[in-house]
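Each of the next two complexes has chain A plus one more chain, namely chain B in the first and chain C in the second.
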Partner chain A sequence: MSKQLLIDAIHGRTTPKAPWFPYAGVNSAFNIKEKAEDYLRDPRLIAKGVAQTAKRYRADGFPLLFDLSVEANAVGCELRWWADNVPSVVTHPCSKMQTPRELGLKVPTQESGRWPVVLEAGRLAKPELDAQDCVLVGLYCGPLTLASHLAGVRIFTDTYKNKAFAHEVLAFADEVGAASAKFYADLGCEVIGIVDPVASQVKSETFAEFVAPYAQKGIEVIHKAGATSIFLICGDCTKVMENVCTIGTHGFAIDEQLNLGFVRDMALKHGVGFAGNLKLTMALSLGLISPREDTLVSLAAGGTRGFVLAAGCDLPYDVPAESIDQVMEARDWYYENYTPYPDAK
Partner chain B sequence: MTSRKIRIDVLTLDSVQCPACGYMMESIAALPADVQDMIDYTEWSIKTKDGIARFMAMKGKVVPTICIEGDLVFPSRIPQYEELIEAMALRASDQAMAARLRELKDVGFQFDKLEENLRKAGSGLSTREK
Partner chain C sequence: MPDIEELLKAMHDEVVSFNEEGVREATAAFNAAEYDPLRGILDGLAAGMNTVGRLFKDQEYFVPEVLLCAEAMNAGVELLKPRMRGAEVKSEGTVVLGTVQGDVHDIGKNLVKMMLEVGGFTVHDLGANVPHERFVEEVLRTDADLVGISAMMTTTMMGMKTVIPMIKAGKPGVGVLVGGAPVTHQIAAMFKADGYTQSAADIVAEAKRVMAATRRAAPACCCQR
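Entry: the complex of A and B
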């Protein structure tokens, strides 16, 4: 377990081996035999799940949470809770085309919504992960996903038909993201990630106008704090890959739907780190593809310049630890037996 | 004569865990009541073997994808309201339904029955092997 390995790779540097960053959000609840809805409301359970699962998975970095409803809930969106999943956002305050300003929505403080639980969990988990030389990673909801939570699915139509409204919602999302980034920086997270899965669902021009500009306040906070930044996106984001590489973070993460060779070439061209892209369902959840072989494929394609071995997205609740064991065994085996890439140290 | 309803399948990772999948589902569940009467829709999560089987049967390439009448119409792109209505009108079972759908192009998404509509479509309810 090595913090520096993860930080170096996200910065696009060559590392002796690819660091391992399992996104085990609610999967950490499963590992300590708790329901997700109980786990996510109790800071002691979160800290216990994070510390135990990071150790079990021999992680170089580990997320405090992978829950994109925290920011939305802190500004007034209602949630539906699940026993085996993250909460879902069920109300959208801006859905009748009222802007956050017109509705009087406030940028969260550390006392808003679920933040007291999240930050207390972080304070409890941080020393445990430090002792394991594992980065406690803070992840917050990216601008377009938060705008979707605020306005509902109409935001995708508004980016064409009601641009002024969409810009206002996104500008608010940027401020909320910057607040989250500050909370995680104050907590001491050495890596902070902006998670914007719906940003893969728009055209490159829409990304350039409505995503990249509204990620900047958060990125500035992260970099001013001396932390490492990463932008996480999912789905088939081939069409916005250039936008992702140039958004301004040190690195980015993609899921299993992308060709890792293409992603590696793009990352190397732009001098940024990249993370991916083990198959969540076919390999890790259901075992229809061997997690061991999937890991070998990723490691061979990713190389050791700026590459972080990671799952494609947040691990589903009930991914068996035995699947992750196979990933770790395959990673050890790979570095013992595969011919290294010529420029690997 | 009653028109046959339009069949919509939404291929997802999981509409609860993955917001891209969630808003793809919501684009159907937030269609106005008059449109709801003309469609039948289901979420297929590839976190289950049934979902993977449906994904493969429909020759899916990526999740999320909205399939209308068996066509992969919106792969990894959340549609605008009007283009979604037009995509359904093009695949309506008869001209009267197509015309009625096009009359609803100016109505826009409605969010008052969102949860109820998502529940009917099985959203988030079949995302684990039992």
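Entry: the complex of A and C
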């Protein structure tokens, strides 16, 4: 396991081999035989799950949580909890077109919502991961996804019909994101990620106006802290790939819906790192495709310049560890049997 | 009197341009000329949404644009509705619709609902984050022909594997359609769904195909022999 490998790759540098970054959020709860709800409410369980699963998966980087409800809950959205998943956000305070300012919503402190649990878990897990030479990665909810938690689905039409309102909600989301980035930076996370899955659901112009500008405060905090930044997006984001490459983070991550060859070329053109895109559903969860073959295809397509081998998105709760074993075996086999790309020298 | 084809085209075009006011004006002119309101819906407004569906599939339009087009279409439907009272409109079938348990995302499901309604189906929308048992209860209550289940996340998609057999045990012969970002043809087949579309744009055709297939497969009742 190697922290530097992951950090170098996210920065777009050539690495002797592609680092491995499994996004195991509630899958870590499954690995220690805990329900997701119990796990996410108990810092000791989170720390135990993170440390044990990172070790089992021989990860170069590992997320403390993959849970986009933390920020929404910290500013007042209510949650519904599940035994096998992260909580769902079920209330949207700005859905009647009241701005966060009008509602008196406050940027979270370390005492808000679930942050005390999250940060305590981080303090407990950090030395364990340091001992494994594995990066503890902080992930927080990106601006458009958080805005959709705050205002509900109307935020999408408000990007046309009520631009001033949409800008206000997104500006607040940016401040909330910056606060999260600061909490993770203070925790010592060497890599901090902005996770904005719904940002793939808008066109390039909308991304440029309503997503990119409102990721900047968080990115600034991460970079000022000397940490490495990565932007994670889900779904078919082909039409916003240029936006993603130029958002200002050191690297980005995409899921199984994109062609890795196309993504690699875009990342190389812009000199940023890229992470992906093992087939979470078809291979890791359902085994319709061999995880071993999928890993080999990804490694061959990704190369060793700026490439991070990663699951396409958060691993579902009950992804069998045997699927991940196959990924690791294939990665070992690949680097034993294939010479690096010429540009890796 | 304005030509009906011109007015239908205007209604279509204003829906595609997500111009709510333009749709109202064109529909008001259509009403004033006392043309058949059903034709206005099917050949004007719904035809516009079909074009929107194609633009969405081709990634010319994204979620904001599609939602705005739907709002524009609804503005026109509201003007035509009062003239529809008493008109005989045969439903294509009854569909129970919802997003699977644990998943609060309903944009895709709402687009599917809109397309089905435009396509002549009667839709019972259970909303998002629907407990498995609610699907079964609603299918039995409404004697539905079809169930549409949506999931946006891989994590929640796994719930489809549980709920589909529950629905089929509750009402054998009901057709189940699945969709959502992580779902594929292969996964739909693996979960034993009867239908799948990658895009909301194709849902009406797929729903009709599944309806026909499940009707053919259903054993004939003694009174039909």
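Keep this in mind: the second predicted complex is superposed on the first by the 344 of 345 C-alpha atoms of A that agree within 3 Å, B and C clash if a C-alpha of one lies under 4 Å from a C-alpha of the other, contacts with A are read in each partner's own complex, and residues count from 1 in each chain.
The working rule: contacts are C-beta pairs under 8 Å (C-beta built on N, C-alpha and C of every residue); 3 or more make two chains touch, one makes a residue touch a chain.
The model shown is predicted, which means the values in this text are computed figures rather than measured ones.
Trainee: Will chain C clash with chain B on chain A after the two structures are superposed, or do they fit?
Mentor: clash
Trainee: Taking the superposition on A as described, I'd like to know which of chain B and chain C A:Arg80 touches: first, second, both or neither.
Mentor: A:Arg80: touches chain B and chain C.
Trainee: Examine A:Gln52 and indicate which partner it touches, taking first as chain B and second as chain C; both and neither are also allowed.
Mentor: After superposition on chain A, A:Gln52 lies in contact with neither partner.
Trainee: Output check: A:Ser95 vs chain B and chain C. Expected answer is one of first, second, both, neither. What do you get?
Mentor: first
Trainee: Kindly classify A:Asn162 by the partners it touches after superposition: chain B alone (first), chain C alone (second), both, or neither?
Mentor: After superposition on chain A, A:Asn162 lies in contact with neither partner.
Trainee: Of the two partner chains, chain B (first) and chain C (second), which one does A:Gln201 touch, if any: first, second, both, or neither?
Mentor: Both partners, chain B and chain C.
Trainee: Scan A:Ser290 for contacts with chain B and chain C and give back first, second, both or neither.
Mentor: neither
Trainee: Thinking of the overlay built on chain A, is A:Leu68 touched by chain B (first), by chain C (second), by both, or by neither?
Mentor: A:Leu68: touches chain B, not chain C.
Trainee: Shared contact residues on chain A for chain B and chain C?
Mentor: 80, 82, 84-86, 88, 90, 153, 156-157, 160-161, 201-203, 234-236, 257, 280-282, 285-286, 288, 313-314, 316-318
Trainee: How about chain A: which of its residues touch chain C in the complex?
Mentor: Answer in residue numbers: 26, 80, 82, 84-86, 88-90, 153, 156-157, 159-161, 201-203, 206, 234-236, 238-239, 257, 280-282, 285-286, 288, 313-314, 316-318.
Trainee: Could you please specify the touching residues of chain A with respect to chain B in the complex?
Mentor: It comes out as residues 68, 80, 82, 84-86, 88, 90, 92, 95, 145, 148-149, 152-154, 156-157, 160-161, 197-198, 200-203, 234-237, 257, 280-282, 285-286, 288, 313-314, 316-318.
Trainee: List the residues on chain C that touch chain A in their complex, please.
Mentor: 18, 59, 61-65, 67-68, 71, 102-104, 106-107, 110, 129, 153-158, 181-182, 184, 186-187, 190
Trainee: For the complex, give me every residue of chain B touching chain A.
Mentor: Chain B reaches chain A through residues 13-20, 22-24, 26-27, 30, 46-47, 49, 52, 61-64, 75-82, 108-109, 111, 114-115, 124, 127-129.
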